[in-house]
Amino acid sequence: MKNTQNSLGAYLKKHWKTVVFLVLVLIGIGIADQFVNSFMRRLLNLSAIYTIVALSMNLVNGFTGQFSLGQAGFMAIGAYTVAIFTVPVGLRSTIFYLAPMAPLLANIQLPFVVALILGGFLSAGVAFLIGSPCLRLRGDYLAIATLGFSEIIRIIFTNTQTITNGALGIKSIPTISSLWWTFGIALIVIIACFLLINSSYGRAFKSVREDEIAAEAMGVSLFKTKMTSFLISAFFTGIGGGLYAALLGTVDPKQFYFTLTYNFLLIIVLGGMGSISGTIIASFVVTLGQEALRFLDEPMAFGLDLPIFRPGLRMVVFSFLLMVVVLFYRKGLMGTNELTWNFIANKYRSIKSRFTKKAASAQGGDSK
Amino acid sequence: MLKISNLEVAYGGIEAVRGIDLEVPEGSIVTLIGSNGAGKSTTLRSIVNLVKSKSGSISYFGEELMGLDTTKIVDKGITLVPEGRHVFPDLTVLENLKIGAYMRKDSLKEDIHMIYNLFPRLEERSWQLAGTLSGGEQQMLAVGRAMMSRPKLLMMDEPSLGLAPLVVKGIFEIIQTLNKEGMTILLIEQNANSALKIADYAYVLETGKITKQGTGKELLNDESIKEAYLGKSQRKK
Amino acid sequence: GCSGSSTSSDNSDVIKVGVFEPLTGANASGGELELEGVQLANQLHPEVLGKKVELVVADNKSDKAEATTAAARLIEKDKVCAILGSWGSSLSMAAGDIVKSNKIPAIALSATNPQVTLGNDYYFRVCFLDPFQGTVMANYAYKTLGAKKVAIVQEVSNDYSVGLAKFFTDAFTKLSGDASAIVSTGNYNTGDQDFNGILTNIKATNPDVIFAPGNYTESALLIKQARALGITCPIIGGDTWETNEFITVGGADVEGAVMSTFFDDTNPPTEAGKTFVAEYKKLYPDRQNVPAVTALGYDGYMMLMDAIERAGSADPQAIRDALATTTNFEGATGVITINANGDAEKNSAIVKVVKDGKFTYLDTVTITQ
Amino acid sequence: MVVGMTLSTFLQQLINGLSLGSLYALIAIGYTMVYGILKLINFAHGDIFMMAAYFAYFGISVFFLPWYVTFIITILLTMLLGAGIERMAYRPLREAPKTSLLISAIGVSFLLENLATYLFSGKPQAFPEFPVMTTPIFVGGLSIQPVSIVIPIVAFFLMTVLLFIINKTKVGMAMRAVSVDYDTAKLMGIKIDNVISSTFAIGSGLAAVGALLWCMKYPSVLPLMGVVPGLKCFIAAVIGGIGNVKGAVLGGLILGFSEVLMVAFFPSLTGYRDAVAFIILIIILLFLPNGILGKKQVEKV
Amino acid sequence: MSLLKTENVIMQFGGVIAVNDLNIDIKKGELAALIGPNGAGKTTAFNVITGVYTPTSGKVLFSPTDNGGVASEIDISGKRPDKITGLGIARTFQNIRLFSDLSVLENVLIATHLNINYSFLSAILRMPKARNGEREAKEKCEFLLERMGLIDLKDEKASSLPYGQQRHLEIARALATNPQLLLLDEPAAGMNPQETDELTDLIFKLKTDFDLTIFMIEHHMDLVMEISDHIYVLDFGCTIAKGNPNEIQNDPKVIEAYLGVDEDVED
């Protein structure tokens, strides 16, 4: 007991900056939750959800090196679980107006948290079923197989009318608007990922990414390791999906088209494959950036009547910017680095030295 | 034939080659020895511009090679047997040999025949995908493939790596044969003993700099070289 | 871009109205047509209560997730006092919860699915509903065409299509008294281009009529392929077909295709309708048809202006209450009275046929329930 | 539920399957070709296909060029586009990790789709009619569009040409060499940039041919029209063994037939049609992890 | 007492019989070598022993001693590589296979994954057990790096090490799995004679210090002849000779197939 306390104290002492930072973040969220307008709140919530899903994707793709594209499917599972189990029983008959809800489910209503966690577990359960055959595949084959499963999930949801209401989707899901849900869970996921990555299990993930044959020869069980990473990822993604449903208040199979997965892929690449902090930054940049560019879609009076600014321009500019990042920042914003205190200090130092050098050379130029 | 002066090469921040001067006269065998990481491979790779050099000059028959495309350099009759073989795993042995002569337009029959004579193992396996050959077999193929372009200057990066003693001997014999037929050879070897024996001239490279040079015989008898590179089997004698 | 001077629409000199439409993506054609109607109305009636009405257009990209963000943006960032749109019932429904929780009134223009207004006190609409439309087409098939056996092809990923197909099925089996009158049902997904498999099956059942509600692109291709397979029976559908693209893509093969719709420009039912048609022709002299959804866009805007005037303020709650009590408002597409559900009470629909590459008036079907 | 089916319906479905399958095959060849050389899933392939459709549409319907001129211009422009994309978006990433390349491909796909939406609007354009190709011929209750026969012929012809290029010509050998090792290929004197550009040009040319035939059969042109064919043809290529040209054709046919036959035999399950491709894909990958004709990846330890 | 035995192992790839009827018997504590011309099947034999390949036929028997010092014979043919490593066989690779983007220390730490005794959840929650486990693993790895002369490089990326040190790192990594039998595939490849000599000494020391049994493939005959207790010679997959260094050096079959006539000795 004493030992634990000691080491806890030592731990705090060693990581006091991090602890202070975390406290500041929590305070920041609290303030934002009070004062931000509801539109901004929605965007922040969305960013946090994207962080959760992108981080889970990075676990498999970035850290374990398994190219999996099933994110949309796992999100769908989480989202539908929350939708099905939290929609008020009284509204169900009007929502399921074409075919009534299966009697087995029609009267079950769960509290949001329970449904959210259930969604995570169901998603992980499906991941288990999918993973057993798929994780034996390599590289691009794994990618297309997981993408396939995600589409199959979507198509099943489109066709199981009495459970998911098919193409009609489910609306009137009780929504969340406080930032605490999404940011709280995002924080938990971030910390869990961080601790995991820096443990023996995390190293096993990375060894599989680097060289499967060597990893196996070092006693790392490929299947177990890949599966662990896949399950955790699916679990968190399911949770992210559940939050997504609760944010939008409506789900429908088309939302979970495979192209949704590409968004997360873009985020993790933009942030840097294998960087947790990069993923977080990119989630916010992408979500907020897409909104920030929205003015491009609106007609603008430039004196001239050139219809350059019209719907669609925003996405052209967005995809163009994306290409620029991909081409010029090949390793993403962070590479495989983390935004640690050392990293910041080093950056600061290098920028400072660059400036002092510049200043020095400028002076040199003057004296000549 | 080839004259390098003040060559510097760096990988990011790591300076692998720090200003070396080196000369390969036509018709000779020149060898480059030195411990691991001395910058030997880097030197050869920068000659064919597989790595960008930082500064210096590489002239070939008086013509500057630096900055030229690899393909252009190869076209001028320089070829490299890369460290670690790098055969094309999805091509058959025969195709690997043929692709070695990619730039040539004339008939390849004779050359292939000659290579099969040198390495009968390759003829036995001519249908096999190169990726499944054993390490030694791949090495033979890599040497054979380089010869297919009938280079004027053949550069070999540790051709004896991982080869059985018999084959190693064979390789050194082949090098000498090729040289007698008029090919100029620049050779990197860990097996300094054998290399120095056949070399007309040798350079010793240490952490990116040339620390010694001389004819093969001179270096073979140099005490410090014996000490550092030739091992105790040599010392025992 | 060009945001107004103040954040609250109440005490400034502009009144902001959101237009929430698919302007890119699969439903862009429909969205554009509705938007044109709204803009035309706005040009004609740019002011209410002495204030300028400013339209804020948001593109929902034909995508439900985008739709929620776009609606939220209109309400929360642009602070509009009411919303018009959107083409496509599912897109409107996606915005439903948002307008409801923010208490901002919205008017669906051509969204026909009952769910849009059901249980939502803030969503209204100016068009008829799918159960009605389904009944109209079932009547047309049974009575006018004398069909006994019908095949249905629905776009399963589109709730509009699935809903309409269901209402049609109900109405038709009731009319014919034959529980197995629907001889075959085929499903396809939005974006599909090959329907030969489904159609070959349908051909084998030899129906008298095919009912195929769905997006105009898919439907046009479907009809083409049906004709190529040698299926000669009439093919009928719903209001979404009435777009220019249906005809350009379908070409000669969609000749004779029949659909229900909201408005016939050759025979406007009201004075307001006549004005609208005249103004439309002035604005777009080289267009042959006046699309029905454009008329609905016009009506939605005008009905909103009427409500604002009656409310005497641009306060969203007041506007909502005024909208809910709209009675006998003379719109271009007919006289509109809003019922307890928030829907326009309409009991007649226009049936049109494609003839010589034009949507041509065929019939007006009135059904008294 | 299996319906009793008359022979003529069954034959009709087989014809449907053949023409759909050969279209898939045609586009899949281009996919496989690029993959075979660059080991890159060219996610933009479906969008290159879409652009080709627009080129042809503009040629005939907007600039009123004769169809044969339009076709040649379309194929050339698309090849240029493919090579251009390679130059701009893939070449700068030669030394970068494979994932960057993949993202770049997704980025290009995104950009093309958005650009097309912006420039040509999201509305469908009608592809001009080719009555010679589309007017059905009725043979004993069967309807056959001439285009349905032309498609498989073109697909098999192009497959043969491509196989010849890859396996029998020097360029083909160079392509295979480049596919594993740029540096060593350079040492052989191969101009890898040229080889890769031509691979892209050929692959895109195939996409253009596919687009022309596709649009004759399904005459609507849309910015997002390439997404689903792109995905399905990629699946077809994987089923057959990605990188293998014959495999792509085989995969395309398998996919086309199974989609149509599933609709034919299980009409109540038509809603699951798009899942068929994936289910077949997964079943095949489980038993043949490298696709049907894909060769085992040799990794010498 | 034998630690590793193979019984009539055959490994066939398509038409190529890479290993043909291999019977070896390695006693505990000895240093055995496997030599033979290129393509003789040496690496393949290692791959069969370590589970990378499942033999076409035949058995591989391994008799590790458990904590109590009791040995039991286990048939490991066809078992998964990580299971076999867990039983106590570690290896290095002919073509170095390090985790190239990870640091030197991480490379070695990964090899301790087998022996971690804390659960996944306690890793996430950083329970004391996990933290202690981590610390122990780190200490052990640093000790091994120290032994292999790599401790100063522990934070470098593995791929940035020079070739020779990469080979050392491979050995350190293999040792971190706590092996009883260590398989080395051409450890001296790419080293000059001087470095080879140093390696010879190192291998010998490791063997005694860690109480290892070593089985090694090598083409450097000086090294092989100096430290091997027992040598097996393969040619075309078949065992053409076995015996002690002296016997092997003078075996005419071996000389013909592999060693050749040593000119150095002659002149």
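Note that the chains are named A, B, C, D and E in the order they appear, and that numbering of residues resets to 1 at the start of each chain.
Throughout what follows, contacts are C-beta pairs under 8 Å (C-beta built on N, C-alpha and C of every residue); 3 or more make two chains touch, one makes a residue touch a chain.
Chain identities (UniProt): A, D = Branched-chain amino acid ABC transporter permease; B, E = ATP-binding cassette domain-containing protein.
Bear in mind that the values here come from a model prediction, so they are computed numbers and not experimental data.
Starting at subunit C, figure out the least number of steps needed to reach subunit D through touching chains.
1
Not counting subunit B, which chains belong to the same connected group?
Subunit B out, touching clusters collapse to one piece.
Counting only Cα atoms for the centres, state how far subunit A is from subunit E in Å.
42
Suppose each chain is reduced to the average of its Cα coordinates; what separation in Å results between subunit A and subunit D?
Roughly 32 Å, centre to centre.
Round to the nearest whole Å and give the separation of the Cα centres of subunit D and subunit E.
48
Express in whole angstrom the distance between the two chain centres, defined as the mean CA positions of subunit B and subunit C.
For subunit B versus subunit C, the centre distance works out to 76 Å.
What are the residues of subunit D that contact at least two other chains?
In subunit D, 117-118, 121-122, 227, 271, 274, 299-301 touch at least two other chains.
At least two partner chains per residue is the criterion; list those residues in subunit E.
Residue numbers touching two or more other chains: 43, 52, 93, 95.
In subunit A, which residues are in touch with two or more of the other chains?
Within subunit A, the residues that touch at least two other chains are 158-159, 213, 312, 315.
Write out the stretch or stretches of subunit D touching subunit B in their complex.
Residue list for subunit D touching subunit B: 170, 173-174, 176-177, 179-181, 183-191, 298-300.
So in the complex, the part of subunit E that touches subunit A is made up of which residues?
50-52, 80-83, 85-86, 90-91, 93, 97-102, 106, 109-114, 116, 118, 120, 123-126, 128, 130-131, 133-134, 137, 173-174, 176-177
Which bits of subunit B are touching subunit E when the two form their complex?
Subunit B reaches subunit E through residues 14, 33, 35-37, 84, 121, 128, 132-137, 139-140, 158, 161-169, 190-193, 227-234.
Give the list of subunit C residues in touch with subunit D in this complex.
Per the stated touch rule, the residues are 22-29, 32, 62, 156, 184-189, 191-194, 196-198, 200-201, 203-204, 216-217, 220-221, 224, 228-230, 245, 248-249, 251-252.
Using the touch definition up top, name the residues of subunit D that touch subunit C in the complex.
It is residues 3, 5-6, 9, 12-13, 16, 20, 117-118, 121-126, 129, 134, 136, 138, 143, 145, 218-220, 222, 224-225, 227-229, 259-264, 267-268, 270-271, 273-274 of subunit D that touch subunit C.
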